[in-house]
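In the two assemblies presented below, subunit A is common to both, partnered first by subunit B and then by subunit C.
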Partner chain A sequence: MKRLGLLPWLAAGLAALPGAAQAHLVNSGLGPFYDGALHLLLSPGDLLGLLALALLAGLRGTTAARAAVTALPTALLLAGLIGLTLPVIPNLAWLSTLAFMLLGVLVAFDVRLPPVIIAALAGVYGTLLGLLNGSTLATMDAGVGSLLGIVLTAFMLVLLASAAVVPLHAFWARITVRVAGSWVVAVGMLMLGWLAQGAV
Partner chain B sequence: MNPAKRCGRKAILASLLVLVALWPLAAWAHVESGQAGGFLSGLSHPVSGLDHVVAMIAVGLWGAQLGMPALWVLPVAFPMLMAFGGMLGLIGIPLPGVEIGIALSAVVLGALVLGRVRLPLAVAVIVVACFAVFHGHAHGTELQAGQNAMLYSLGFVIATGLLHGVGITSGLIQRWEPGAQILRGAGALVMAAGLYFLWGAAT
Partner chain C sequence: MNRALRKLAVLLLLMAGFWSVPGSAHESQPGLLEIRQLTTERWEIVWRAPIYYGKSHPARLALPADWRPVGEPSVQRLASADLRRQVVTVPPGTLNGSVIGFPGLEQTITDVFVRLARLDGSEASQVVRPSKPEAVLRGERPWHVTAGEYLVLGFHHILLGIDHLLFVLGLLVIVRGNRMLVKTITAFTVAHSITLGLATLGYASVPGPPLNAAIALSILFLGPEMVRVWRGHTSLTIRHPWVVAFCFGLLHGFGFASGLSVVGMPRAEIPLTLAMFNVGVELGQLAFVALILLSYRAMRTLEFRWPRWAELGPAYAIGSLGAYWTIQRTAMMF
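Take a look at the complex of A and B:
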């Protein structure tokens, strides 16, 4: 009978080797575009920021909402394309938390900003989201298709939410929006605490 | 004893043991783990503690009594200040007498509703802010291991805000003459509950 020698041991050793962790997007089963869309929908921090931006733009009226809806996806797409080429960006959770907190403060205090400033805020927030998401996608072997899913989902969310707020003229309705802004700030403050504690 | 009988009993006993051993345990299906668990845990946390519930509702009741603009200023300010208290707890800044502070919040807010006390807006905000910090410090930091911190925080803030909403909505009964008295009675109940919590915290 032929002896197998070291071969089984070698095979067992190879089988026991730990594989490299392959981070990957949530698999929607519908392709990279929907994987990207789902990635955004499952990122509560990004969603809170987009919600706060939409509320802020909606409170300031149609012109501001249109400016935000134009500036955000443009910046998100361009910064995302840059992010796809960048090396891994270190975890900047505190920065995105501060960003959505700032937007929440502006909503809670109903700060009357002109549409140009709203567009600039949307552009800056879109750039931040784009760089972070683009860099994350690059580490997950995901490409432009997933980025487009993120961009279009963000666009739809901001469009729908701001469109829902623009026609609100009743005092109570606007107060409800401001309360939602204060909730965003509150979540941000708690998140800063968690980040400082190292629990996240 | 008849050997045949003894054998029969042993067989029954053995059968029973096998039956008990093979009895299927009730399946405890639980889907609220990880991310969803964080949100549900945060959402249920404020509702699970009576001290938090009565104080949050009392904030809404008092806001309803004070009318505009306190009616909306207090619910806007409270979550932010509560979260500030939570942040202090998370970064390790101690707050002495947290439990006493929480119990006192129910006593004071209940007394304010009972007495239908009208304080200037700035003073009302300061009173509520002080208590909000205590509530946030005690309750905002109780994240279970493995759960999502952001979703826990979100659930916690939403539940607290909804409790304010319950208080404000209930406070609207003051537009009805007997309702105003019922509202003051609710203040007395909150105050009594606060005294009970205070007794528990002090002993």
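Take a look at the complex of A and C:
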């Protein structure tokens, strides 16, 4: 009960953050590369999606995790470069929320997808993140340096998280990972609720 | 250990070229604002804006509206900075709480030291960062606030010093075994702490241009050593990497000192600020090493397999970058 009580607050906080982050690129004072890295680290929706993807890939084993770690940053970089040249994309917070919710559902149900599908999912999610972030960066007069900060940070997050899950074979450990996936879904549902109410 | 690290280094180096833009592995020189009391109402303002990538610094100095200029400011172009002097009158009792802005600083990676010196001999200093480009003048500041500012400054300084980080990355690829790793990193830390202290306290100094060229040379030096490791050969560096880490660490310490301007620092604060700046540098370095080692473990877990020839990438990339910086910085000396 206590956990459920915290969840709405967590979701509200997370839902509020992306709006602030999109207003202008976070100034780390360390140049565009770190500004981009910080931008990703302060975008909870993107972080949850990357976490869910890493958990999903890790649950499916070494080959799937390796495929995700390769496909995601590649797609993110290429789509980001395209996104930098695009006109302003309208706020698609609902789309990115739905995307990470879907990944969370796959984790929660421990869906047994083959590595090639995991790679495809990573590619599609990376493309979505890349287009959205690239377009956002363009509106902030940020360039390739910031995009690379985002790509390297995303790569590191997925690499570390998926490698942490791969060796987990104990039943209870895999259940814990699946519970984390269900939390991602729960946070996503609450964020969608706030989005529907126009709170964000 | 070395093989997976080399793979990771390839990825990091792909990013390094962009990471260094606009850093280009040059030390970022801090700016300096000195506010010296001349009489009860008159204050001298000295604004030293560092040359920023060959041009005048984009940051401007915005003094409070109620500070009235006395006479025309004098502007002087130095080798490494633009110096602007101005005398102003400040209404009595209004100095504390005054806000000095640095519009344009937010587009840069420059920190500004602000030093306030009163007629009664009291001094105060603070660090202004691009993320919040303004200084609120106050009287006494708690020591822990100053300490925190310099710790963050040291941490940021190492994160911006891509040449220092590349050197550490090269060492990590060469080193074999956890014990030797600890020994090597400790040797590097001890060495650069010694010269950072000596340079900051004024006991030793090395002119910037040859120092920067020598630091670049230390990176170039590691390239061939990494190739030797790949080929299974051995050398003094491979057998005793801590010796190289210590020797070149002495050079890198002088480089770190360039980020710590003592010109505008009250003398009483030097021990504290020096210690905290060094702690910040060490924390940044440890964070970098930890991230590399964690990533190395993760890549091993995921069984990444690359063509053997690709493993030579980091050695050539680090060596080439080192060579490029060495030539560039040597050319800049003449």
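The criterion applied here is as follows: the second predicted complex is superposed on the first by the 177 of 200 C-alpha atoms of A that agree within 3 Å, B and C clash if a C-alpha of one lies under 4 Å from a C-alpha of the other, contacts with A are read in each partner's own complex, and residues count from 1 in each chain.
Assume a contact is a pair of C-beta atoms (placed from the backbone, for glycine too) under 8 Å apart; a residue touches a chain by one contact, two chains touch by 3 or more.
Note that the structure is predicted; figures quoted are calculated from it, not measured.
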item	value
Which of subunit B and subunit C A:Val144 touches, first, second, both or neither	second
First (subunit B), second (subunit C), both or neither touched by A:Val111	neither
First, second, both or neither for A:Leu86, with subunit B first and subunit C second	neither
First (subunit B), second (subunit C), both or neither touched by A:Val187	first
First, second, both or neither for A:Met156, with subunit B first and subunit C second	second
Which superposed partner A:Ala173 touches (first subunit B, second subunit C, both, neither)	neither
Subunit B/subunit C common contact set on subunit A	none
List of subunit B residues in touch with subunit A within their complex	35, 72, 75-77, 79-80, 82-84, 86-92, 140-141, 143, 148-151, 153-154, 156-158, 161
Residues of subunit A touching subunit C in the complex	27-34, 62, 65-66, 69, 144-145, 148, 151-152, 155-156, 159-160, 162-164, 166-167
Complex contacts: residues of subunit A adjacent to subunit B	42, 44-45, 48, 108, 175, 178-179, 182-183, 185-194, 196-197, 199-200
Subunit A contact footprint on subunit C (complex, rising order)	11-12, 15, 18-19, 21-23, 106, 109, 111, 129-131, 156, 159-160, 291, 294-295, 297-299, 301-304
